[in-house]
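Next, two complexes with chain A in common: one pairs it with chain B, the other with chain C.
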Partner chain A sequence: MNWNRKQGLTGYLFILPNMIGVILFFIIPALFSLGMMFTNYKYTSPDIKFTGLDNLTRLFKDPIFYQSLENTAIFLAAVPISIALAFFVALALNQNVYLKSMLRTMYFLPYITSGVAVSFVWMLLFQPSQGIINNVLRSIGIANPPGWLSTTDTSMFAIDIIWIWFLLGYNMIIYLAALQEVPQEMLEAARIDGASRWRTVVSVIFPLVSPSTFLLLITGLISSMKTFGMIQAVTQGGPGNSTTILSMYVYQNAFRYYEMGYASAISWVLFAIIFIITMIQWVGQKKWVHY
Partner chain B sequence: MTRKRKWGTAILSVTLAASLAACGSNSNSPANEPASNNAGSGGDSKPVTLTMWGGVPGEAGPQAVVDAWNTENPGVQVKYERFVNDDAGNLKLDTALTTNQNIDLYVTYNLPVLVKRVEAGNALDLNSYGDYNIDEKMGEDAKAWKVKDSYYGMPTKKNVSFVWLNKNALDEAGLPVPPLDWNMADLQKYAKALTKEKRYGYVMDMSAYNSIFDGTNAGSGYTKADGSSNLDDPNVKKAYETLYNMQHTDKSMLALGEQLTSKLPTDAAFLKGEAAMLGAGEFVFRSANNLKDFPHDFQIAFAMIPKVSADQSNFKYPGGLGDIISINPKSENKDKAWEFLKWYADGGMKPLAAGGRIPASKDADVGAALDTLLGGNKAGYDVKSLEEVVLGKFPTFTVTLPQQVVDARREEYEKFFTKSQSIDDTMKNTAQRHNDFVKNSK
Partner chain C sequence: MKPSSTALAPAAAAGSSRSKSRVSVGKLAMTLLMIAAGLLMILPFAWMISTSFKSPSEVFQYPVSWIPKAPSLQHHLKVWTGEDSFVRYYYNSLKIAVICTIGATFLAAFAAYGFARTQFKGRNQLFMLYLSMMMVPPQVLFVPKFILFDKIGIYNTHLALILPGLFSIFGVFLLRQFFMSIPNDITESAFIDGAGHFRIFFRLLVPLAKPAIATLAILDFSWMWNDYENALVFLLDRELYTVPLGMQNFILEFNVDYNGMMAATSASIVPMIVVFLLGQRYIIQGITGSAVKG
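On to the complex of A and B.
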């Protein structure tokens, strides 16, 4: 065995433990669910029949599927909003402000706390009749504050607010790191050229941190699309099915109704959507991401 | 990217570990000490160990049940494991059953789940034992639990749903304990009269919402003569409307939207005096008898779940039997498990009465169970209405609707009660989704 082959083999040996895990717990189950998608497999039922595209045709006629698709879209809006907010918070915290490190910690805290526990705090805040938010709204003269999580019209937006807040800290930390890398001489040059503060942000800083924006957008969208725990804890998809996003609909079908075949079909459609969105971003990034 | 993923994984695993720990925390309740009185028996027979899975926390009765059995039967030791009776918990039990994790007996709480387990071949046909006539012992109501015309599980307890009344509040308002055949108009009147600042007239547990609608459909049928959905029965519509008016017009009842978001523990609200009437069931006894955590000084009386309209003759009352115990066909000790099961049903389950579980078997001592049920707190209850309502005989039903349809109905009426769908659309959509489900599952 020559030196190169040996080196190569060592490399494979190093990644082997990880690969075994990925193959056993990710690739095999994924292929298994791809196969299940074309069957009527129910978790406890012994007879499995091949049903072809039945699950998919049923899916495209399922109103709840479209409703959850819409909910997912509203939910994903939280990602760009949170990124934009994080950008400005990071800009502010990157300067010499009082209590800088304390503020940084405060913003990052949501990210390292248990999502479920925090969700319950939000439920208390959003409580329509006695919650803090509505009490404040009432005290400033809004007679009929929104019902937040308790009505089907507002529940998805309330969920968005929680999610924006939850993502904020992580997005901010990434931006803070990126802002450190912005070369001082460029900012100085801009200032000498007479650029206003706002112009500097738009034309110098934002393009320079665009790789981070891109990273946050892709990872944020993917992780949001797979979010489950937070919504399950807060509304379990209700009221009605106003907060059922696709990942929850998958869970409901698989583990409440044991309809594994149908659930697999939904999750592969979810995968296709994530894949397409990521591809679009990948192509689009050439226009606005500067490395 | 890797960092993000790492964080994600770390958080996920922490949450997972936490939730698993929460699920498991009750299952490891004190291990049974091996019975001490087996010194006399010959050393040749090793004691058999049976494992039973149930949804009631061990300390709420089941542990006392198996302890009593274990002392009497040194040769057959029973170990109780608790699973949480929700989607995740039932999934855990089904997985354990299919992968053969040495479960001998387990409890099922609703019919669609039992049917799934029978289809999966995870429940033994109890009719194969000839020495115990379930029909005769448990009475007419047991029939609802037959699957494929046979018993694959033994119903062991009486299910009772009823309205809990704060008798002091009734007396204050000059209202008598309502008659057994009261209806929703009466309920509305009562609730209005009992509402005052910081007290709702009526609060309903989520499970009781379904009872009223199911009571109507159990009488008039879930499907019409032509096979289409009957979930839009006019009486169901009327029930929806009355509850809506109570929530939004009279404001005498906690609105559903608010109840959902605050995840209000209804039993605590009633016992704290924040609600004068509570639509719930026997499971509230567990809290009501616990004067330490739920101190209250009012007397509790009972009323039936109201029927929808006064002239409704076919309304059925939620009830029937519950706690269906099955034997795993793969168990190595089926016969021993059967012996235990018979003993359990005929009175062994008595310690469970403290949590409201009254034995269904005619051979069980219901009087003794009732004493356990009332704990040391007999004066806290209006015994006359208790006997009439909790122990009364009424036309009852067991829910037979598939879970998907129950959920679809709930989703639609949640939209109605949170004011985002009209009553007519609600009835139409509910029936439509029921019909679609029937069509899809063919």
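On to the complex of A and C.
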């Protein structure tokens, strides 16, 4: 008994230093934010009032909120597209190429560089009148190439291209690891049964790597929900509000308009969406994934 | 693509030499295709580096002059010298990233050991609490942290980035997974020999977990180095800026100086590329390890 208690104390001792920080910089701020959501707190004015659900009703009438939801949805579309591309890259790199490790490095490189720095490069590549992308488009006969980041109806798609490019390497690395686990005998069996290569990919390989696909989808959606730095650096949410995604709208309300209470409310909507995605993961892992 | 692999199967079984050379042609074609697509992936980097050495009139020349006609260091000099020198931003970023990486890795290893190898009341509930905090987006924490830091006087100081950066929930998660994968009997026998938890931690598990710890350190360093959002929220004064913020500042200030912009982005990206090329093995291991098991 005595030994057990001592053992327990040691356990706490190991965790304590980390836990102090987690309580101070994660748990307490999170609780504080939860409370702030129900107030009209503005950084610029001293009086704070409890306003109940006012922030939420305001939110549901806020057209920019709806636009930011729509933008977020377009932004998240980059995740499955990038996963699909990465699957084919990984398939190719897994068996059919020379210079495997060099190629792997080439595809992975974008992921390791800061999204912010590299988005400045993309900004120039996307430059509408003289950028390299539109120059190439013009030279293959497209007279009026899109304005990319500079027009409201294309800006989100330009962001998507950057994001697909950025995530591709990460997705590929996960798929490469998963493909290593695919038993050679199964591929052999499919071949002997006369399955075409495409058939083998669709009916054997793809189901076998479905846990990775599921994982990439969920983690990709969640981490995309949590970032805005790359977009902030290039467009600051513009032109108009055409690239303001939900996480950025929190930032804008808090630090551009100092609407701390309102920003907190939006941030918890963001949390709710992440929470739902996580729950889908918990439930879906058992249902949809073939092990 | 290939018509069908059934035709290939008997050939492969009969004699390998012919089919081998046939396969190599396919393999070579695939390699070339993947290299072409791979070049597209690194094109932004190539363009960035090339532009940083060009003259202003060459920036948007088309067809692109990949090798500058008269390469010049002038733009890099502008980035590294003068009032808003990147030397200062580098110093700030390195200071923050190094302190946080060492601190966070160390504290995470401790906590991970506690969660993986000791028994105490409420351990699993506590771990669930940790996991649930991974769901909370940083945007939820910006406002309360801003107010808290303002009250205790560390807003607009490096401490606002360093203090929270010392505590990595992801790190605890990653290392706990690794510690759990080490067979129990290794520690059991040390226990029976009379070793305490601290001894087992430092003498046994930390040496065994070196690859996982290296992975965490490299990932953490790159996150801290690339962190833009926290710096944006918590830093105000220019002399406190980290590299991503300094770079943005440079770009806002000289927004038509495209060569300078590309020299500035090179200055912030190249170190990460070097770290990656050196630590590639650990980075890839860490990513696949944490993701596949998670």
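In the analysis below, the second predicted complex is superposed on the first by the 270 of 291 C-alpha atoms of A that agree within 3 Å, B and C clash if a C-alpha of one lies under 4 Å from a C-alpha of the other, contacts with A are read in each partner's own complex, and residues count from 1 in each chain.
As a working rule, a contact is a pair of C-beta atoms (placed from the backbone, for glycine too) under 8 Å apart; a residue touches a chain by one contact, two chains touch by 3 or more.
A quick note: this is a predicted structure, and the numbers were derived from the prediction, not measured.
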item: Touching partner for A:Thr44 - first (chain B), second (chain C), both, neither; value: first
item: Which superposed partner A:Gly240 touches (first chain B, second chain C, both, neither); value: first
item: Contacts of A:Ser150 with chain B and chain C, given as first, second, both or neither; value: first
item: Partner chain(s) touched by A:Phe60 [first = chain B, second = chain C, both, neither]; value: neither
item: Which of chain B and chain C A:Phe255 touches, first, second, both or neither; value: both
item: First, second, both or neither for A:Pro128, with chain B first and chain C second; value: first
item: Which of chain B and chain C A:Ser114 touches, first, second, both or neither; value: both
item: Comparison of chain B and chain C by chain A residues contacted; value: C
item: First (chain B), second (chain C), both or neither touched by A:Gln232; value: second
item: Which superposed partner A:Val89 touches (first chain B, second chain C, both, neither); value: second
item: Chain A positions touched by chain B in one structure and by chain C in the second; value: 43, 112, 114-116, 127, 170, 215, 219, 229, 255
item: Residues on chain A engaged by chain B in the complex (per definition of touch); value: 42-46, 58, 111-112, 114-116, 123, 126-129, 147-153, 170, 215, 219, 223, 229, 235, 238-242, 252, 255-258
item: Residue ranges of chain A touching chain C (in the complex, touch as defined); value: 4, 7-15, 17-19, 21-22, 25-30, 32-33, 36, 43, 89, 92-93, 96-99, 103, 105-110, 112-118, 120-122, 124-125, 127, 130-132, 135, 139, 165, 168-170, 173-174, 176-178, 191-192, 194-198, 212, 215-216, 219, 222, 225-229, 232-233, 247, 250-251, 254-255, 260, 263-264, 267-268, 270-271, 274-275, 278
item: In the complex, chain C residues that touch chain A; value: 1-2, 4-6, 9, 26-28, 30-31, 33-35, 37-39, 41-42, 44-45, 47-48, 51, 59-60, 62, 64, 107-108, 110-111, 113-115, 118-121, 123, 126, 129-130, 133, 135-148, 163-164, 166-167, 169, 172, 196-198, 201, 222, 225-226, 228-229, 232-233, 244, 247-248, 251, 258, 261-262, 264-265, 268-269, 272-273, 275-277, 280, 283-284, 287-288, 291-292, 294
item: Residues of chain B that touch chain A when the two form their complex; value: 1, 4-5, 7-8, 11, 14-15, 18-19, 87-88, 91, 94, 98, 116-117, 119-122, 255-258, 260-263, 403-404, 407, 411-412, 414-415, 417-421, 440
